[in-house]
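Everything on this sheet refers to the single structure shown next.
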Amino acid sequence: MKDERQESDARQTGTEPALTPLGTPQEPPIRAREGDIIHTSPELAVGEADVRSAEHGAELVAGTSLWKDAWRRLLKNKLAVFGLAVTIFIILASIVGPLIIRKTTGFTYDFIPPDVNLERSFAPFTSPDGAFSWAHPMGTDDSGRDVLARVLDGGRISLMVGLVSTIVSLIIGISYGAVSGYFGGRLDDLMMRVVDVLYSLPYIMIVIVLLSFFKGASAPVFLTKIVSYFGGGQDVVQLVLLFMALGAVSWLTMARIVRGQVMSLKNQEFVLAAKATGVSQRRIIFRHLVPNTLGPVIVYATLTVPSVMLTEAFLSFLGLGVQPPHASWGSLASEGIKNIAIFPWQLIFPGVTMALALFSLNFLGDGLRDALDPQMRKV
Amino acid sequence: MLRFIIRRLIVIVPMVLIVVTLTWGLIRLAPGNFYTGEKRIPKAIEKNIREKYGLNRPWYVQYGKMMGSVLRGDFGMSLTYPGQSVNQILWSTLPVSATLGLLAYILALAVGVTTGTIAALKQNSKWDYASMAFAMLGISIPNFVLGPLLVLLFSLTLFWLPPALWGGGSPANLILPVLTLSAIYMAFIARLTRSGMLEVLRSDYVRTARAKGLSEVQVVFRHVLRGGIMPVVSFSGPALAFLIAGTVVVERVFALPGLGNYFINANFARDEPLIIGIVAFISIAVLIFNLLVDIGYAYIDPRIRY
Amino acid sequence: MTILDFRFWIETIDIYPGETLGLVGESGCGKSTLGRAILRLTEPTGGQVLFRGKDLAHLSQREMRDERKHLQMIFQDPMTSLNPFMRISKQLMEMTELHLGYTKDQAYEHAVKMLETVGIPDARARADSYPHEFSGGMRQRVMIAMALSCEPELLIADEPTTALDVTIQAQILELIKKLKQDTGTSVILITHDLGVVAGMTDHILVMYAGKIFEQAQTRELFACPGNPYTKGLLRSVPDPTAEQGALYQIPGLPPDVAHLPPGCPFAPRCERAEEICRQEFPPFVKLNEEHYSLCHFAEEVYAKSCSERDARKSMNQTTVQEENA
């Protein structure tokens, strides 16, 4: 016991000269031991304070803004870059693709060839005589329409549904959350209780009821009037109804996020300063508070787009989504299911395109979340 | 705790009534009716029908009647399935939907939690990337695409499994529907588990557990799992609402006689009693499951007290 | 992703049973990392940690787990260091069940005994509480009870009082001191608070930027610091007897350990720095028995502070004489 002692003797190895009073260390350099670490993460490799100081130093050197910094982090994330690239490609293809196809081959999403029986349900890359042909790279559907043209045009609709519904949910969610968080107290209690109630309801059933009853010509009269005032037809009414339904379904989480942000921001100096100078409450909420919640909101919005598109596809499958003559990826895929045994490409092409789009959007959203707000690591 | 449960059980009643009212309002606001089908009906017959179903009475009388039936738990006769009461339909379809939903969720929990845990423990390894990419795929493929693709592979190409139908609930008939239904939950649960586990693995108390000298397996099972699984528990509440949407699709793809299939048909046929019945029933089920999730939450986390 | 390469540089610090070693420095200079590296909670990239004749840095995880019986740690933040999902008793029992092979009953009794030892009132009744039912000071007591329940030979206390109220701080330190005397456990006390180390430790290591800048016996270090950094730290301790005036602070911030400048890491902030400091890494100079300093001008600084001390001493003596007279 007396002689048992411990020594903390970590010798210097590597490039720096061994400047110890006891001479150069006799031990050879120690083997790297990264292999047997189970809990490796950059955060654990060093103490928290060390990370902080390291980051602090980096900021001082680079002097980057929050957004630049996030962009840099995003570009480091290979999966997010992949998602971004594919998303941009799909958006461009959906916008430009149908135009090119119309110019080159004359096919459009609703072009039914004159001799339908000859062109019905062709396999990809075949011509009427069964030989190889570039005419229909994805084949034709059972009305003889070019599947590629339909998939690209369906992309327009699907992406638009995703985007517009997300904007609807943003408008509702931000206003609701900001008002609730800013005023606090009783009003906040009440508004959040409403959100809690809505959260626990099987809202998808109500959406199904809503859409199935207002399908086709039986859309609400006031809506038809508004839309036709802007020059839209029955099909636009249907789309607007869909946007409203989908947006109304997905604003709850957004409201919660914005509320949390506003609550933490509203007592900071810049808001107090604005109050002190007599800025109106509406202006404080929408000019001072809401812009500062943008980070998490953008992240969540990016993740809302694919989830809304998925819901739209689900509704289309039930025949409640986008109505003919328009087609979305969802409605194309659900049409394809009918012929799955004989003409599987009619399901596979729209289905896989959609999955790819959602896949990349999700990766992009994930990457954005990690880049903008490393704290928000929930799904 | 008991008071909390009782309070929540009482709250279920007004909430279900709100949902039912909303649904009823939507049905009534929409133009058209269940009997306005393909052909025009003579005025006299229409008058008879309206009288028979009480449609000529003021709206509040009809609303009151409907509410009364909901509160009694007897939803009356279906309009599209002649000779069947709504309650009969509920009790005959429930086993199908419940079997599907529960099996799918159990499968999703088992696979999702395991995958998520492994991914978290081996963060940034090939395992991690592979399972997370796979999970993302699960979130991105709509189940009505996945289902037919599975059918195409296992039934129409390999001839291993039946492509559709309930078949008395035999395992062979269940495999594909359950797999299709659970895919997205598996994916979500794997992701939630992974992020939950990572958060706990970085926490101070896990460092304490390691410093104690527990083996990595002991650390994971005794100290990490419980906290890491919390996000999955809280996800289980909303998941049940999703699960309903999922079963609707799966029942249609595989032509199964479940609640969801009947619900969609009832909507198209404007079968008011059946719609109201199913909506009320599912609302109650979801609210009760939510309550169970909250109770489970308090059971796992001693800091939560109601 | 940068994995920082810490090269700790301690020249054979011997800690004898019952002794206390202080590890001092500003935050971010690697004290906690060194503490965790000794326990292999952070993997050291090189070096040796000799403990009871074994090199901890080279043990397998399995062998290391067995060593943890003798080698325990108390962490900075008691609020987060206990598992919130597990009863206190269970967390304490884990130690003895694992290392001493106690049965459940034995372990439970031992846990209650340990809680009494660290001064938890009504220990038996409170043993089955959850951590959130305890205050911060109580939780730190539980941590101490846990760490000491297998009578370890070395206890590393990583800023055990930073997260606590000032009144509780004194109690916890007193507790550590008392238990150390009772059990003969050696302690490494990591802190940025020089006041704490002065009263508790036998030896002190001063760390800066992941390097040991000075090591000495506590008395010697406080009396004649041989390093400009140590001097700066000592000057920045508020002195209640001094006339009112601005508190001294070392200018600048600790450097980013991942990108150290060439030469002495402290040179940019050092009053004594000369050209050589920015060019060459300083030598580790032996100043006295067990007193080393990492500085190009170690001897000069040492001589100066020794003479200052002598001056102070004689001044004190004269004041005393004057008072007597």
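Note that the chains are named A, B and C in the order they appear, and that numbering of residues resets to 1 at the start of each chain.
Rule of thumb we're sticking to: a contact is a pair of C-beta atoms (placed from the backbone, for glycine too) under 8 Å apart; a residue touches a chain by one contact, two chains touch by 3 or more.
Source: prediction; values computed, not measured.
Enquirer: Report the chain whose mean Cα position is at the greatest distance from that of chain A.
Expert: Measuring from the centre of chain A, the most distant chain centre belongs to C.
Enquirer: By Cα centroids, which chain is closest to the centre of the whole protein?
Expert: Central chain: A.
Enquirer: What is the distance, in whole Å, between the centres of chain A and chain B, each centre taken as the mean of its C-alpha atoms?
Expert: Spacing between the chain centres: roughly 23 Å.
Enquirer: In whole angstrom, what separates the CA-based centres of chain A and chain C?
Expert: 48
Enquirer: Using the average of all C-alpha atoms in each chain as its centre, how far is it in Å between chain B and chain C?
Expert: 55
Enquirer: Listing for chain C: what residues touch at least two other chains?
Expert: 61, in rising order.
Enquirer: Hey, what residues on chain B touch two or more of the other chains?
Expert: 210, 216
Enquirer: So which stretches of chain A touch two or more other chains?
Expert: 44
Enquirer: Which residues of chain B touch chain A in the complex?
Expert: Counting only chain B, the residues touching chain A are 15, 18-19, 22-23, 26-27, 29-32, 121-124, 133, 136-137, 139-142, 144-145, 148-149, 151-152, 156, 188, 191-192, 195, 198-199, 201-202, 210, 216, 231, 235, 237-238, 241-242, 244-245, 248-249, 252-253, 263-264, 267-268, 270, 275, 278-279, 282-283, 286-287, 290.
Enquirer: Hey, which residues of chain B end up touching chain C in the complex?
Expert: Contacts found on chain B: 203-205, 207-216, 222-223, 226-227, 300-303.
Enquirer: Provide the residue numbers of chain A that touch chain B in the complex, in ascending order.
Expert: Per the stated touch rule, the residues are 38-41, 43-44, 79, 197, 199-206, 208-210, 212-214, 218, 220, 306, 310, 313-314, 317-318, 330, 333-334, 337, 340-341, 344, 347-348, 351, 354-356, 358-359, 362-363, 366, 377-379.
Enquirer: Considering only the defined contacts, which chain C positions touch chain B in the complex?
Expert: Those in contact with chain B are residues 39, 41, 61-62, 65-69, 72-73, 75, 77, 80-86, 94-95, 98-99, 130, 132, 143, 146.
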